[in-house]
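Common to both upcoming complexes is subunit A, partnered first by subunit B, then by subunit C.
Showing the complex of A and B:
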């Protein structure tokens, strides 16, 4: 509603002032969506569009000596060892997931070294590339059922001609949408695979990071 | 609602100018009718309003993935001599610049009505042969060891995003540092872009640099043309693309 100003040189009347007051009052009490400025709603007004649920810097070490059985979800969930500290579970209570929310999870896993069973750095047998593999998988436990997509698994090899291997693995994963659910835990599991014949070895996960965010539905 | 409006008012014993007085009201009306982000009280939006606002200002996520190792061996099949590799293993062409990973099987496409800020991630498994399995290898002859460099980037609307992954623009003829030389790595490449309204497509791309024989002088050697390059044993396995969009410029209720 526009304000009608008094004409210049005319007498200002109470009615004119009242009319202008009414116009301002009407505008202030009936803000229309079409009238909002382009940046009318800022960060202090709007709800979060991402929900940063939880994240954790992991400092616990794990020596992985569990052998890789098969590249199957069943083997991963049954036999691969859960890495110390790489579990987000809200202290065991889990996280309540809203209707049709989608989850994006991420983990960084630092593979520090390959060791022989005596604890010394593993002496690589091959003079060139090596066959030893350190495997990891990012899993979701939702409503009490743990699952994994093989897409969210991966590995690195031992390094050529070095007694030390230090590599970073990063995995981003995605799941959902779900009906209202509980994410009981987000985990990283690991196993070792392949080795030169007769050489026993383990690998060590030194530290890393694990976290996830949630994206509410579009409408 | 708290309006960002500060009237001058009429000074004591001053003369009331109708034009000035009218301007006060017109400015108040303008502020009320076109509010900015600082003109709302902190309590302006309750729980119900915030639910409504989510519909006007949301994020979205899209995902595409391919698993490429199961059913075969995690090592490339020639290494253990049994079976065949997964059909979903995608071989990175040798020395042919960037090509679309998986021939586009994890590309994410969409059409937006509004400008958007987009975060894109490709998480993938790279692996290659042991160098002894590459063509031309002769045991005991170090000049026949092929050392390749793998490069992986994201491409947004046909534009390669330099800096999104392991790749450097070569400023000389040397190949070191242009990509990743290890035998396997599991990693993620990321890009952030502000995109206009319209049709969009995000896809990962990968390349193999021209490679080099391993010799004592490899630190200084330039790339070489090799008659029998390692064109078959360099692969992308598992791969997943996640795109999170944050719409902008969308008005409440529109």
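Showing the complex of A and C:
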């Protein structure tokens, strides 16, 4: 489908111009009318579909001592603590979401250990048992209103005789479509559950990643 | 495709104005009157419908995204001795997990490069002096690092915890030495992590995961990290 221009140095004539036009015309006519896009439209002449996206690596650790109340959205949003660093907000400006866009969001959280407060990291004679739980949830704040789905939560539990937990919780969330809005922030909230009698304990989140992409509608 | 008329020039010499209006640009002309018809004059068969958008399926494959995957159920073994020997604080010779490594070539700059990997790990790691009688427990562990284009992603660093105990030191000899037994299965880990890079240049890139064992003994040749199944997926989006 190439068009051959006159050689450099050649005198341009009306005949050469009409010949070039004829070549362009023939090339355009050669494109299958019913399949023009597949034949001609690629990365070089179509824009990206990805308009709103962001991701953040988190290396700041957080000690979680906030008690869990219930496995409900209300409790998550009211009582669970926001994890240090696990907030995506575009510097507070948020992200513009178009009509009927959908969000694919993710968070991966490393729960390092459980430890009692009496003696720093407790060692081998554990006062804890199998029922200590570390809970996390991925939340969305849209148009100033934070919400969470219970499918975007996860937890791990402690274990007798070991303070090291070393469990990974990874959450993928698919939500939408949304009306045109501002995604103010993505957050990860966390809480501990199960109060072993007489033992104050916490758990530590060591690192992780949080991010999202916004997908425009198909048509 | 809308039909484009042949160009007819009345002048025998080149007249720029005539060339322009007779063939290149004449938006007010009848359809097909100039090459301007290419700009928005396509056949409606190429449109998705009422809003004249182009459907995603109509674009060439790989226009907006491309993906890479490596994974297997083939077991891979890494022994602690490969990582530098007995000394936890000694030199680390990290071992590349051959299965969790993927080179990739992006034909265009990507807005977002998503990478997720999963693995089911079975490992050996002990807590020595678990009763603390010799100055406190000595804990072994394995760890992994994720490298994107050779740079460690600290936010995805992680460890595999010890899962068996001995009241003796690793350096004790019989009869003081107490065998830690086999590693507890509930201390093995299934790991799934995801990370991303933004505004990645076109060209060659790599995502690699390496492992290392902080094993004191008694025999690093026997302490191993076994991955039973694993996969690494990478999605690049323009």
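Just so it is clear, the second predicted complex is superposed on the first by the 162 of 219 C-alpha atoms of A that agree within 3 Å, B and C clash if a C-alpha of one lies under 4 Å from a C-alpha of the other, contacts with A are read in each partner's own complex, and residues count from 1 in each chain.
Criterion: contacts are C-beta pairs under 8 Å (C-beta built on N, C-alpha and C of every residue); 3 or more make two chains touch, one makes a residue touch a chain.
Computed from a predicted structure; not experimentally measured.
Between subunit B and subunit C, the partner in contact with more residues of subunit A is B. In the superposed pair of complexes, A:41 makes contact with subunit B and with subunit C alike. Looking at the shared chain after the overlay, A:81 reaches neither subunit B nor subunit C. Once the two complexes are overlaid on the shared chain, A:157 sits against subunit B while remaining clear of subunit C. Contacts of A:18 after superposition on the shared chain: subunit C is touched, whereas subunit B is not. After overlaying the two complexes on the shared chain, residue contacts for A:133 are found with subunit B alone; subunit C is out of touch.
Of the residues of subunit A, those at positions 12, 17, 21, 24, 28, 31, 33-38, 41-43, 46, 49-50, 106, 159, 167-168, 170, 172, 218-219 touch subunit B in one of the two structures and subunit C in the other.
Of all residues in subunit B, those touching subunit A in their complex are 1, 3, 16, 18-19, 21-23, 25-26, 28-29, 32-38, 40, 42, 44-45, 50-51, 53-55, 57-61, 63, 65-67, 69-70, 74-75, 79, 121, 123, 125, 127, 130-132, 145, 182-188, 238-240, 242, 244, 246, 249, 251-254.
Per the touch definition, subunit A reaches subunit C in the complex via residues 12-14, 17-18, 21-22, 24-25, 28-29, 31, 33-38, 41-43, 46, 48-50, 53-55, 57-59, 106, 108, 110, 112, 123-124, 159, 161-162, 164-168, 170, 172, 207-209, 211, 213, 218-219.
Contacts from subunit A toward subunit B in the complex involve residues 1-3, 5-10, 12, 17, 20-21, 23-24, 27-28, 31-47, 49-50, 71-72, 102, 104, 106, 126, 128-131, 133, 135-136, 149-157, 159-160, 167-174, 193-194, 215-219.
Those residues of subunit C that touch subunit A in the shared complex are 1, 3-9, 11-15, 19, 23-24, 35, 38, 42-43, 45-46, 48-49, 51, 53-60, 62-64, 107-108, 111-112, 114, 116, 127, 130-132, 136-137, 139, 141, 153-163, 165, 186-187, 189, 191-198, 237-238.
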